[in-house]
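Both complexes shown next keep subunit A, but they swap its partner, so subunit B is in the first and subunit C is in the second.
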Partner chain A sequence: MKDKPPMYVAKQADVEALGFSFTPEALQPGRALEKIGRLRKKMRSLMVMLETCTKCGNCAKQCHSFLGTEDYYNFPAARAELFRRIYKRYFTLSGKIFGRFAGAEDFNEETLGKWLTYYYQCNECRRCARFCPFGIDTAEITIIARHILSELGIIPKFLYSSAVNMAKTGNNMGIPKAAVIDSAEFMEDEMREETGVDIRIPVDKPNSDVLYIPSSADFFTNVDTMLGAAKMFYVLGTNWTIPSSVLEAANFGFLFDFNVMKEHNRRLKVAAAELGASLVVQGECGHGWRAAKMYTNALNGPVPFRLLHIHEFCDENLAKLPLKKLTMRAALHDPCNYARTGGIIEQPRRILRVCVTELVEMTPNREDTFCCGGGSGILMDEMLDIRMKLGKKKAEQIKAVGDIDYLVIPCSICKAQIPAVLKHYGLDNKFEMGGLMDIVGKSLDIKKT
Partner chain B sequence: MDYVTVNGAQIEVDEDGFIVNPDLWSEAIVQVFGKLEGVEDLTEKHWKIINYLRDYYKQFGIAPMIRKLCKETGFTLKEIYELFPSGPAKGACKLAGLPKPTGCV
Partner chain C sequence: MLFFIGQVLPYIAAAVFLVGTCLRVAGWLRVPVPFPLTLFPAASTNAGRVLAISREILFFDSLRRGEKWLWLWSWLMHIALVMVIVGHIAGIYYLAKQFTLVGFSAEASASLSAWLGTIFGAVFFVSLLALFYRRMTIPEVKRLSDPADYFDLGLLLAIVVTGMYMRLVSGADLPAVRAYIAGLFTLHPVPIPQDWLFISHFTLVNILLLYFPFSKLIHLAGIFVNQAMITQPPPVYPPRRVNPTPAGSSRSVSFGEGGRRL
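Let's look at the complex of A and B:
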């Protein structure tokens, strides 16, 4: 690859050890074209999108990636062109005959370099799709392009690492079962100290009705999210457990490889069957919810369990929860994957209105929300500069909300990205931040039950 | 691959500067990593955290929950950031020879 990509890329020996094949550089363009040729027959939606753009430019005004980085190729239509020009060159008559005059381009090493650089600067947030007059979803093009790169053995180190850990331990952080149990016990001690009550976090409990899938980050940094969920289940008397075999709501496979995605999803099905659960509840993870909700049926379906997000579960049971209002002015950030790909919009608001004295909306919000800039796994340390630019629109939104006590950021990636973004733009240390279940946990009146 | 020189020996580190083979960790490495991380003078407080991380990692094969690290060592998160500017995950874990915590952190 000619130009250095902005992220560390996994080495050939490493990707091969994970079961990927590594295509020699000279053969990469040919292999990629073969893949596109096969996809052409299977994915009509992609082909429609590749053939439909009129270059109206509406997406440019709406994409946080372009607005933040001011890099031409981050303008959604231009990002899509990186794929479209190749498609035209090899798969359309005008492209084959007229080449560059028909907006077509040869597929070479430089193309692959651009794909790696720019398809990993798209957060797959679908905001462009919302404002495109034709509904062209650049995220779909990004998803496919990344999967093609992975098939060639070109995978960012950050995503590769999570896949390695997932295969080894069933979660992206690489937490082995003994550590899961140790951490669960520690959290139980914390809750006992705080409430005087014995609230459990059951691990691998058989014959459980509900299987709760937290983000593994809830077992490392975002502990209050886990505590909030445990307290809620306790108060409701739910027969629940967490599975050590898949202690991970986040499906990073969705972000770069179909097979890794399918395998993660399969673990959910197996765990639910083994532990007897008829309801699987996903924790606070944006793209993990998107992958589970939208893809489970196609990947490993049909499944015998009901699938809910923890906010849906909480919302359904809201009337039964003894919640005391916390005196605070809280602003809600709508994670892109909840608002535009997951149908989690009004539930957090209903929950917050019961838990806090003042709920503040950002502008825009709901389906028009701006992604935090970390979406689709763009959390690499080596891409920090770019990530801060991707988070610029979000920072502006948060600043515009004025003085608040708490910022609700109910997705693991947002919890990792937004604090860094706020620090970069000088907006940190002004308020607390955390998940929605964190607030529920603090608001629950445990001693009453 | 990158290398750092520790007492004349070449120790392999990854792109993020974390030790590739945790078995090669030594107290001398802490000094070298410390300089790279802007931790010039290692005090008893630094070592308390590093030793706790190493013990936990040896027992459980992963870094401890940050809240547990704080509770067991008696430091607040703020104090840990003052001791290790890059924080518990990216700073303290590096000096302690643990692999870099990955995922949504």
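Let's look at the complex of A and C:
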């Protein structure tokens, strides 16, 4: 590969230890073509989305990745062309006959290098699909391209590590069960001090009705999100637990390999059966919500439980929650995987209107939201510079809402990315930020219940 | 040569267009959609879904939300194209007397037919030029464009230029054209009118039809298949009433190569 990819790539021995087969560099384009040939017979999206683009360019100005980096290959249609040109050359009649005239191109290692570089600068936010007259979803092409790269043994180290951690400990951060229990006890103490009542964070409690799948970051960096969830379950008298075997809403497999995603969802299914849960509630994680909601049925067969996002659960029970209005002006950021991909659009707004005195909207918002620039598993440190560019559009949007007291960023990746972006663009220290459940937790009047 | 252009090529073009397009679409529909690609907010009823797709197809909603000029020119171009096609069918079949069906006099109908044809032809021409200009001037779109993208626009421009020349300058012998087209449809060959402008106009359209199924023009069919995918209803949990399956078992779509330890 001629271009040096912007991220560290896992070593051959490591990916092989994880069960991936590694293809030597010279054979990679050929193997990749075999895989494209196989996948085009399995996924209609791949075929139709590669075959219907008219290259009108409407997606260019709608993509935060292109707007932020101003790199041609981050223009969604151009990113897709990295795939489409190859596809045309080997799988379409016009490409075979007309070649370059029709935009077909031979596949070589250089193009494959571009795949790694640019398919990992797409946040899979689907804003291009929203603005494409045909509904061509570059995120879908990105997902498939990443899957093919992984099958060749080309996996960013960051994603590889989270998969290893997930396999070993049941969460991406590699937190062992003992530390999870410690952390839960610590949070219970904190809540006891604050409210004077015993609010539990049960781990692996058998015969639970509700399985709560937090983001593992909620145990250490986004503690307030966990406290909010625990308080809400307490007030509602929910019989709930957190499974240590899948202590992670984030499903990084979705971001690089279908089989890793499937394994994650399988763990979810097993945990629900073992602990007896009939309802699974997913915590604040954007892509994890998409992976669970949109893929579990198809990948893992029908599941016997109900599946809700914690915002949906909270919204359903809103009338039962003793919420008092916090005096603050709060702005809501719509994570892309909630708004466009997961159907979580009005629920957070209904919840916020009860919890805070003033809710301000960003422009654009809801399904037209711009991604934070950290999505799709590119939170690695070595990509920080690129990530800051990817976050430029979000920073401008946040700046434009003016004075606020609190910025609601209800997704673990947004929670990691947006503070860094704001710092980079000199917008930090002006307001607090955190999840939506954080606000619910603070707004819940526990003593009265 | 004239025999080939007049009596053979039209049938080849029509067959390639129809069969090619159908095969292409059938090829897409044969492939499963393993995961719902719902783009929210999604309609919850079939009627809502049809409405959403119709708005997209009739008004280009997504484009309108984006770049306004692109929306305007491409929408005008497509509307004009549809009107021109409808106008050709009606004008040739009724020899420009189609508006007598709604009470106009024969002269008024011919005049209205000519005016409408001129207006939509002009709109079609201008919007094609605008799209051509846009493709050449926006840097990232220019870089993205292949010769084929200019060829498509050029071919349509050549068709509209020859057509408009007949309409505005040289005129066309409608009854002769009608007799010829009728001959093609009824399989009773009538020689093609010996008007080199008509012959080029007609041949260019045949080339377009021949080229259609293999080019990006297939987006005419792709939009339906694609929009149907992204407006799919989201999955529900639990999916209907299911018998509890043993933990860990899975009816599965397999994407792996086997032997994966994860």
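The definition used in the following text is that the second predicted complex is superposed on the first by the 449 of 449 C-alpha atoms of A that agree within 3 Å, B and C clash if a C-alpha of one lies under 4 Å from a C-alpha of the other, contacts with A are read in each partner's own complex, and residues count from 1 in each chain.
The rule we apply is simple: a residue touches a chain if its C-beta (ideal position, glycine included) is under 8 Å from a C-beta of that chain, and two chains touch if they have at least 3 such contacts.
Everything numeric in this text was worked out from a predicted model, so none of it was measured.
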Q.
After the superposition on A, what does A:Ala102 contact: first (subunit B), second (subunit C), both or neither?
A. second
(Q) Looking only at subunit A, is it subunit B or subunit C that touches more of its residues? (A) C
Q.
Tell me the contact category for A:Lys4 with respect to subunit B and subunit C: first, second, both or neither.
A. neither
Q) Looking at the overlay, what does A:Met47 touch: subunit B (first), subunit C (second), both, or neither? A) second
Q. So, A:Lys447: does it touch subunit B (first), subunit C (second), both, or neither?
A. neither
Q: Check the residue A:Ala416 against both partner chains and state whether it touches subunit B (first), subunit C (second), both, or neither.
A: first
Q) So which positions on subunit A get touched by both subunit B and subunit C? A) none
Q) In the complex formed with subunit B, which residues of subunit A make contact? A) 8, 157-158, 161-162, 165, 171-176, 178-179, 182-183, 186, 190, 215-217, 219-221, 223, 250, 285, 379, 381-382, 412-413, 415-416
Q. Which residues of subunit B touch subunit A in the complex?
A. 15-16, 59-68, 89-90, 99, 101-105
**Q.** Residues of subunit A touching subunit C in the complex
**A.** 18-21, 39-45, 47-49, 51-62, 66, 72, 75, 77-78, 81, 92-94, 97-98, 100-103, 126, 129-137, 140, 147, 151, 163, 167, 258-260, 262-263, 266, 269-270, 273-274, 280, 293-307, 339-343, 345, 366-368
Q | Sites on subunit C touched by subunit A in the complex | A | 24, 27-29, 31-42, 56, 60, 62-63, 65-67, 70, 74, 138, 140-141, 143-149, 151, 214-216, 218-219, 222-223, 225-227, 229-231, 234-235, 237-240, 242, 244-245, 247-253, 255-257, 259-262
